[in-house]
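Next come two complexes, and both contain subunit A; in the first it sits with subunit B, in the second with subunit C.
What follows is the complex of A and B.
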């Protein structure tokens, strides 16, 4: 039992832009770095919020944590064990301890199967249940756990509402009794009223089951409510990470400041940052900018930002990757 | 936010059973209903021709070229054989060739297309699909003619097995239709494999073959059945064409295409029943199969099942 449940050490993921044999022979086709040298630690029982714009590498990082894709650099250490090159016999162990909930509950449930079959498939794989009645009983328990009536076992996904589907998605992830749950924008596709229900459910489940969450979202208010610590990603790198309240009250990285200025926080004492809205696009991953990846859009960029890439360093309880932040 | 209430979601009326839904949809679609009746009649003729046929389908009689009457429903041909009875027996050949051919095409095409789509892009996908493309590049009828011209229209013996000509015919047409199945399956799998449930199953530790054959292919049943239905129709036309050219079913065994070939000299001399009835049977059967294909596409996709429901 390690207090550090998940550690990412210099995790990188590079995709070949054109993987055809011809392109490789001709040396054509660039490489895309989706995730670059990410260091992260998630402590048992906490919630880490991962925020950033679309395309910044959040979901890729989620797939790397789940080992749905292999890292091209660095190590993923889970519960004190390096799982980077895990063999098939240990993979089953890993699969039973780390699970994921996806953004789109429409697509994440197989539309051809009833809820019972969807849940039973996982239960059969991990809990070794064989008898049909046992499986049904265990599946019913899972539905009760996520606040659904067991009568939903006989429904098909298209007969459920978005919120109900997402509850089934959470139930499936919980079927293996995992320690770590990666939540990849679990409420982004839902109605606002349903979002609150699901967020409350997640909060409640964490307390009851002692789960650890990696919560990926671009909804900063939800992250503030659920997360203990937050990591801000930009262009495949972590630019700022620390306790959620510290960062929300005093964002240091220019990108975090712009990000937070774009949200209305329900806090009367909160001072609105003065930065203007972000201009420009996320740079093309095929032609990454020199130095700090944020410099083309940064209102404060200086000559040094164009040349040198800032490293993450400790500043007042948080870690920031910016040249301009004074220690 | 200290007390969190987990909402109990109520259970509404359960959805109607799939079979009930299909029946209801069938009543709303008269064209599909008619097609189903037509196919049922043809199928009955194919299964039990002796119950339906009124005369012998091979024995000649003195009543030559008799026009249709209540006694001779479709008249008689130049040898005095009953056209109706011959058409009924010929239905058996057409249906058998159509169905067995497509089963063969599915048996070859579905696994190839599924593997190509699921494990692609890469060398597996490229190898399989380029071979399929080469086969698709040939016009099937011409290729079938070439193969049958090479193998002959007699039954052939391979070791202890005697392969009848009709089996050769089915094998050739089935092989030629496999690439069409493979292409449809591959494109359906390409769409399905990007659905998030595939990733969810992988996260749960399901193996790739299990995900492909249990989850992904299950959701490809709709395009596969549509394609299969249309291919049955195509195979019936192919068999009729080959029989018309004298390469398919050999006389005196009747087949719709062969009956047309025998009758072609009588088109101008006024014996219309010799060509019209077999031709109509081919036309109506093929049309019915195509309509059925459309109906299946509408009814098989569970995502569309809620459409029209209150």
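What follows is the complex of A and C.
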């Protein structure tokens, strides 16, 4: 057992924008780098929050961790084992240890199966259960684990509320007794009162089962609540990473500062951000900016930022990729 | 703030569905003053969008809407003909929706869609050519106002050439083409990223201050409401359960639902401020038990709650519909 459960070393993912023969012959194809040279370590038992706005690459990174997509550069090391080129014969092993919970349980649960069938297929594959009664008993246990009555085994997904469906989604992910759960916006589609139930459930499950989480969210309040460490992504790269409280108390990267100042708390006396609202939009991945990808929107950008891309470096207990942050 | 611009009294919407009769809004009464920004908050299915749509006469079929009256500048909207209501929309009452892609026609340029509003609802003086020119000038002016760079050339572009935040700005520009006095914004920032959401909220805030219009801002995000609104109304199961100034309702909530909602929002670390979720699920409108609709999920529920409470004043301008709150 390695303390470092998951390590990403220089992980990149490039998509061909237009892979047609004609485009390639004309040299017009162009490549889109969704994720660039990401280094990340997730320690056993911790929660890593992955935050950033739409299109920053956080969901692509999740898919790379899960091997739903193959990396085009770098290595994914899981529990001390390089899983980058893992063949199909070992995939079952990997899948039984790393699972995902999706944002929208409506579309990630098969609507024509009862909850029991949904849970039983994973139990049969990964835990080798064969007898119907054993499968049903194990599925009932899973429902109890996520706070649902076993009577829900006989329901179809459409008969459940959003919160109940997400509980089933979590139960399915837990059916193989994984070590690592990738949670891709698991509460974003839910109502506020239900969000809190699911957040508490996730926290409780982590404590009881010793799970490790990669928690992807655009809701920075939820990330602060759940995560131990956080990684902020912008335009396919990690721009700042470190302990969640250190970063929330003193964000160093200009983008993190803007992102955190945009968080709205339900408190009229909450002091309004000193940081001005960001101007402009996320750049097009087909025309990446030179130097630091954030420079066209950065209030502090200087000549150097346009020329030279900043590397992540250690500053006061966090790693930050910005030329202007003083050591 | 002067007298009420909009006055809604005892609004009830009734739909007959296969599951039974439902009331997306029941006995809803409120006022919006000139220049006031009112937040309408609640979870999915609480009736906030339906209430707002009823104000604009957008609920189909119209006979589903029953109310004592909906008065706008003293005129009862229920008594207006379809033609009169058409005249009132855009010029007096305008609305923006959550999903700008769904509200913009992908087949027409932004310029076409913006000027069309003005040509249909705007001033009628002058020749067709003059009016067209005026509409175009107005469109450019508004795109500038919502801070879209290079508005002249943007007019010739199609919705897909705009990003999500830009599209929502175009929707705001479109709603403001005829200088409405009341803008209904239905979750206009929900589909946007936080930094873009902040931009749009700040934009709405400055436009509201500049133009002096009233805004009904529908949202499930209490944080955004705190930033933008003067007053907030909290809806649950088709009722307004609490209403008051933002700095009172969010700081000193009176209704157990509002209190529970605020307690279920994370504001720090799990060890500092543990979340207290609301038990159970939002009720199905078709199977609502008699009495207070929040009763099955309420910690304070007890004797008396099987009879529904009307809004009572708990402090000046602050009301809540609960037996357990002490009237002022």
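One rule holds in what follows: the second predicted complex is superposed on the first by the 315 of 327 C-alpha atoms of A that agree within 3 Å, B and C clash if a C-alpha of one lies under 4 Å from a C-alpha of the other, contacts with A are read in each partner's own complex, and residues count from 1 in each chain.
Everything that follows uses one rule, which is that a residue touches a chain if its C-beta (ideal position, glycine included) is under 8 Å from a C-beta of that chain, and two chains touch if they have at least 3 such contacts.
Only a predicted model underlies this, so the values are computations on that prediction, with no experimental measurement involved.
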Practice prompt. Using the touch definition from the top, say if A:192 reaches subunit B (first), subunit C (second), both or neither.
Written response: second
Worksheet item: Regarding the shared-chain residue A:218, is it in contact with subunit B (first), subunit C (second), both, or neither?
Response: second
Worksheet item: When the two structures are overlaid on chain A, which partner does A:102 contact: first (subunit B), second (subunit C), both, or neither?
Response: first
Discussion item. Contact-wise, after the overlay, does A:129 reach subunit B, subunit C, both or neither (first, second, both, neither)?
Written reply: neither
Item to complete: Figure out whether A:121 sits in contact with subunit B (first) or subunit C (second), or with both, or with neither.
Response: first
Discussion item. So in the superposed three-chain picture, is A:281 touching just subunit B, just subunit C, both, or none of them (first/second/both/neither)?
Written reply: second
Discussion item. Touch test for A:258: subunit B only (first), subunit C only (second), both, or neither?
Written reply: second
Practice prompt. Mind working out whether A:86 is in touch with subunit B, subunit C, both or neither, as first, second, both or neither?
Written response: neither
Practice prompt. Determine, under the contact definition given at the top, whether A:203 touches first (subunit B), second (subunit C), both, or neither.
Written response: both
Worksheet item: For subunit A, which residues lie in the overlap of the subunit B contacts and the subunit C contacts?
Response: 163-164, 197, 200, 203, 225
Worksheet item: Which subunit A residues qualify as touching subunit B in the complex?
Response: 19-20, 63, 66, 68, 91-92, 95-96, 98-100, 102-104, 107-113, 121-122, 125-126, 146-149, 151-152, 154-156, 158-159, 163-164, 167, 169, 172, 175-176, 197, 200-201, 203-204, 207, 225
Worksheet, complete the sentence: In the complex, the residues of subunit A that touch subunit C are 53-54, 161, 163-164, 191-197, 199-200, 203, 218, 220-222, 224-226, 244-245, 258-259, 261-270, 272-273, 277-279, 281
Item to complete: Could you please specify the touching residues of subunit C with respect to subunit A in the complex?
Response: 43-44, 163-166, 193-199, 202, 220-227, 246-247, 250-251, 260-262, 264-270, 275-278, 281-282
Fill in: Complex contacts: residues of subunit B adjacent to subunit A
1, 4-11, 14-15, 121, 195-197, 199-206, 215, 218-219, 221, 302-303, 305-306
